[in-house]
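What follows is a pair of complexes built around subunit A, which joins subunit B in one and subunit C in the other.
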Partner chain A sequence: MLLDIVIFGTIWGAIYTILALGFTLIFGVARILNLAYGAMYMVASYLIYSLVSGFGLSAVPAWLLAVAATSLAGMALYRVFIFPLRDSLGRVLIVTAGIAIFLQEVAVLVYSTEPRYVPTALPGSLAILGVRVTHQQLLTLAVAAVLVFLLHAFLVRTRLGRELRAVAQDTEMAALMGIPVERTYLLAMALSTALAAAAGALVAPFLTVNPEMGWSPLLVAFTIVVLGGLGSLWGTIAAAFIVAYAEMLTAFLISPQLRDVVTFGIMIFTLAFRPHGLFGKGIVE
Partner chain B sequence: MTRRLAPRFALLLVAIGGLALVPLWVSNPYVLSVLTLAALYAIFASSWDILSGYIGQLNFGHAVFFGAGAYTTGFLGPHLPPLLVFPAGAAAAVVFAFLVGLPCLKLRGPYLSLTTLVFPLILERLAFTFRDVSGGEYGITVSSPLSAIGLYYASLGLLLATLGILLAVAESRIGRTFRAIGDDDQAAMAAGVNTTRFKLSAFVLGAGLAGLGGVLYAYHIRHVGPEIFGLFTSFSIVIMGIVGGMGTILGPALGAYFLTLLGESLREFETYRQLIYAAVMILCVMLFPQGLWGLGRALHRLLPRSGAAKDAR
Partner chain C sequence: MSRSRLAHILCIALVLPALALGTAALAQTGPIKIGVIGPFKLTPGRDIQEASTLAVEEINAAGGVLGRKLELVFAETEANPEKGKTAVERLLFVDKVDVIIGEHRSEVALAVQPIIAENKKIFLSTGTASPLLSENVLKDYDKYKYYFRTFLNSNQMAEHMIKQLGEMMTTYKKDKVAVIAETAVWVEPIVDSLKSTLGSRLVALERVSTNAKDMSVELSRVQNANAQIVFAILSADAGLPFARQWADRQIPALVTGYTVMAQSDRFWEQTEGRAQAFMTWKHGVRAPISPKTIPYWDRYAKKYGHIPGAYTNFATYDGVYILADAIRRAGNLDSDALVKALEATDYIGVSGRIKFSKRHDPEAGPEFVPFTYIQWSKGEMVTVWPPAMKTADFAFPAWVK
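Coming up: the complex of A and B.
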């Protein structure tokens, strides 16, 4: 039991880290709270389902294609819907919520509400200290770690990454330094959506794919960002694992149905009592 | 103040009067049931507007309040006389107004919206989990003390009362304070306004009226289940408010009628209903942020007879 909690908490912590990093990227850089973020995760899951089950693609090209296509969709979404409303946080919130519902309903029309199953890329499982873990789950853990490492390297070592961080720190100053702010926002949106898609496509084989699946990751990502604060990689990672372990504790000790309730509770309590997050660099002004 | 309100009260009375006459020549029970539903949604959307439209704090979880009223009806309906179920439903909703409102007091903008969003989701999960209390996914069957026509007139009566109270509050000193907080809560605070108290009163007022509506909703549907706390239930109220025109009280009620009737007229496309709601809202936010009410006002201004003085606000 305890080992189950530790092992599955670690796997989910890694997935949540990717989800939260993607969410905080567009929020930190462009101050856009994208409620369609979870819908992008859902879209990527369905894409990989179609590519693998419908077109018979093998796992790796299907995964890359799903992530690239979703990322492009995210950029289009930014240009068409978010860009014209960007000055109003409230209207961005409303329009992205509308898009999330819209995409969910498109998924209902195309795939029906019937849950879908994505065949796993790596069949089989092994026992770690008596806990059965599938190879797909271990692969997910590994890919998540690689993605976090790559993102960190990109943000710290490349010119584009430094531009992203500069805009996040002080948009006006960055603009004065000649950084193309609008292009940076678009890049942030592309990366953010790609991370949501990467997470969606990674977990699809061990979850059921359904049209409503995007809301929970969106709210989890928001909770982690609230808890871990903005602009701190370590804060985000720590918060992601705290949320994941709390969820697994609840799922194993009380009821799997109450998994989300704990996350929502963490979100409410953090916002009410510790609005600056655990590490002080909060997002609530 | 009364002079500025008079045209809107007149419009309200004419509209409700017109709706009250409908059963005289329409006897189709299906039409009546749709109109009852539209009236109930109008109550939810207008009671949502006082916090969301006036104070500008977008509430994404209004379903908590009318859901509390509806579940109270499910729990207490068999044990209490109907006349006591209404105050009980309103009281339950007010309890939730404090539960949701207190953690939200310091929050603004998207933080408040997402916090309010998760409250109904928590209740939804709890209703699924603690099945012996809530009936799980099957919910609770409710028997109505009113006939279909009685429910129709009760809903219209409550709608009239709700809109009357909200319009009177919105145009009073309190409503102006709400607007001031919405425009700039720091400035309002600096001017000596107790923003905490006003925000909480907006929560309580909106919740209490929604709770009363929730009781009628449970009687009308004859059932209450966890889906009342579902995401789309809360979002459909937001959509009605935005499509109708936020911060106008009558606009969201209009939006509720418009979308409910639009949804029903496309009944053969039942699966498209949420899609259409979302699309209409996206169009509204992009193209007419003032909603139908703003559109109507703009058209009214174009009429040759209406002078500028008439449209002072």
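Coming up: the complex of A and C.
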């Protein structure tokens, strides 16, 4: 039992890290609370389904294409709908919620509510200390680790990454220093939606794809950002693993049905008693 | 009053009743309208739509009923009670249907049953299992006598599923059972029966929501409890990750029970072949249940390019024929006359012999509607239980000893 909690907690922690990093990136840099974030995760999963079942692509090229296409779609959404309203957090919330519901309904019309599946890149499983884990889940863990490493390297070692961090820290000062703020926002949106899409691509093969699948990841991402606080990569990673282990502990020791209750509980308690989160600047400021 | 004005009034007074009589006559010679409700984008709904269409085409080709054609009017419920109510109200008040059939989700049927009953129309449900629906017939016959069902209720399912489980446990010497059951109104009687029958042999009971997407925790708990058989009761999407993860993680337990998604012709493709040796109860199999069964199966497969998928299929096809038969015997569409005719039904359909009980459910058992189980084998659905109907032997998954 303990090993199950550790192993599955680690796998879900990795998935949640990817999800939350994308969500916190766009909020941290551009102060955009993107409620269509989960919808991007859903769109990527359906794109993979279509590319594989409709166009006969194999899993990995389909993943890469879907992540790229979703990222472009995220940039387009930003330019067309979010950019004109960006100064009002409330209006951005409403428009992104609208986009999420719109995309969900489009998915219903195009694919129906029948669950779809995304093929696994690596079929089969192996036993780790007696706990059987699918190769797909292990691949997810590995890819998530690589993505975190690449994101960290990008933010720390590249000029664009440093510009992103500068805008996140102080937009006005960054603008005065000649950093193109709008381009940086667009880059943040592209990276953010790419991470949402990557998470969808990694998870879809061992779950199912359906039009409502985006809401639960959105809740998880929001909770992690609230708990981890803004502006801290490591804070986000720590919070992702805290949420994942808390969910697994509850699921294994009490009932799997309480997973979402735990996530909501963490969010409510953090907002009420530690609004600045555990590690960084608070989301409530 | 001038003479011309009087003449106008007289004209209107004569024309209006004539128009009304004409409309009534047209209604009696026009098609008999059958409202069909269901979630048509899901497999159970698709099968309701396709099976009812095929039945109506056949009946109309043979001359219709009482010299009139049958006409289907479809109303989408999306498996949602509120949308179901809207769909039924549209059928009753806008389309003015004569009878209503269909629906697979009990929650929807429970929501629309009072509306249809208050309007004194026949409601023949062809996929719902909650006993509450037919208990209403027993409790308040005058109001709910218009409700009938060609599908089995959960109590009947529990009785026959537990019988099959017992035989499986004895035959293969397995005595530790885990139950994975979704939280839904139709499931509770089955879970209660399993708990009381299995006692200490029930080593794990996992309840999942109808929109569960991941089954990894439940399967780990089942494995940690050393279960040898998993009895699944899953009507929603969770059946897909359950089967995929069961095979990928090689959970060392046989599967039985009732997984609705595994009845679908798409299941093999959806699981990428992981459904090998996955077993489920299926209402409607390609087996010699009645002389009509195999010809219907083949006719259906030829028409639609896929085999009958969900449990709603046979129940709907038989349901349309039973309604047509009752209308013929009643001689008209009066709902009270139809109730009497339906109560007297003794019909050999594709799903077996159908006679309605006092609560208007079909009688179940070998001489009526038999309980049949399929197992997936190399991309095919084969019938493995009961022995009298089997088309192949039950096979163990490669990783189960």
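Here, the second predicted complex is superposed on the first by the 284 of 285 C-alpha atoms of A that agree within 3 Å, B and C clash if a C-alpha of one lies under 4 Å from a C-alpha of the other, contacts with A are read in each partner's own complex, and residues count from 1 in each chain.
The rule is simple: contacts are C-beta pairs under 8 Å (C-beta built on N, C-alpha and C of every residue); 3 or more make two chains touch, one makes a residue touch a chain.
None of these values were measured; they are calculated from a predicted model.
In the superposition on chain A, A:102 contacts subunit B only, with no contact to subunit C.
Of the two partner chains placed around the shared chain by superposition, subunit B is the only one that A:84 touches, whereas subunit C remains out of contact. Once chain A of one complex is fitted onto chain A of the other, the partner contacts of A:268 are limited to subunit B, with no touch recorded for subunit C. Contact with subunit B, but none with subunit C, is seen for A:94 once the two complexes are overlaid on the shared chain.
In the superposition on chain A, A:255 makes contact with both subunit B and subunit C. By the touch criterion defined above, A:160 lies against neither subunit B nor subunit C after alignment on the C-alpha atoms of chain A.
In the superposition on chain A, A:175 makes contact with neither subunit B nor subunit C. Using the contact criterion defined above for the overlaid structures, shared-chain residue A:132 touches subunit C, although it does not reach subunit B. Using the contact criterion defined above for the overlaid structures, shared-chain residue A:219 touches subunit B, although it does not reach subunit C.
Overlap of the subunit B and subunit C interfaces on subunit A comprises residues 108, 212, 255, 257. By the touch criterion given at the top, residues 56, 58, 60, 102-103, 106-107, 109-111, 113-115, 117-119, 121-122, 125-126, 128-129, 231-232, 235, 238-239, 242, 271-272, 274-275, 277-279, 281-282, 285-286, 289 of subunit B touch subunit A in their complex. Residues 1, 4, 8, 108, 112-117, 119-120, 123-125, 131-134, 136-137, 206-208, 210, 212-213, 216, 248, 251-252, 255-257, 259 of subunit A are the ones touching subunit C in the complex. Listing the residues of subunit C that touch subunit A in their complex gives 39, 41-43, 78-79, 183, 206-209, 211-214, 216-218, 220-221, 223-224, 237, 240-241, 244-245, 248-251, 261, 270-272.
Looking at the complex, you find that subunit A touches subunit B at residues 33, 81, 84-85, 89-91, 93-95, 97-99, 101-102, 104-106, 108-109, 212, 215, 219, 222, 226, 255, 257-258, 260-261, 264-265, 267-269, 271-272, 275, 284.
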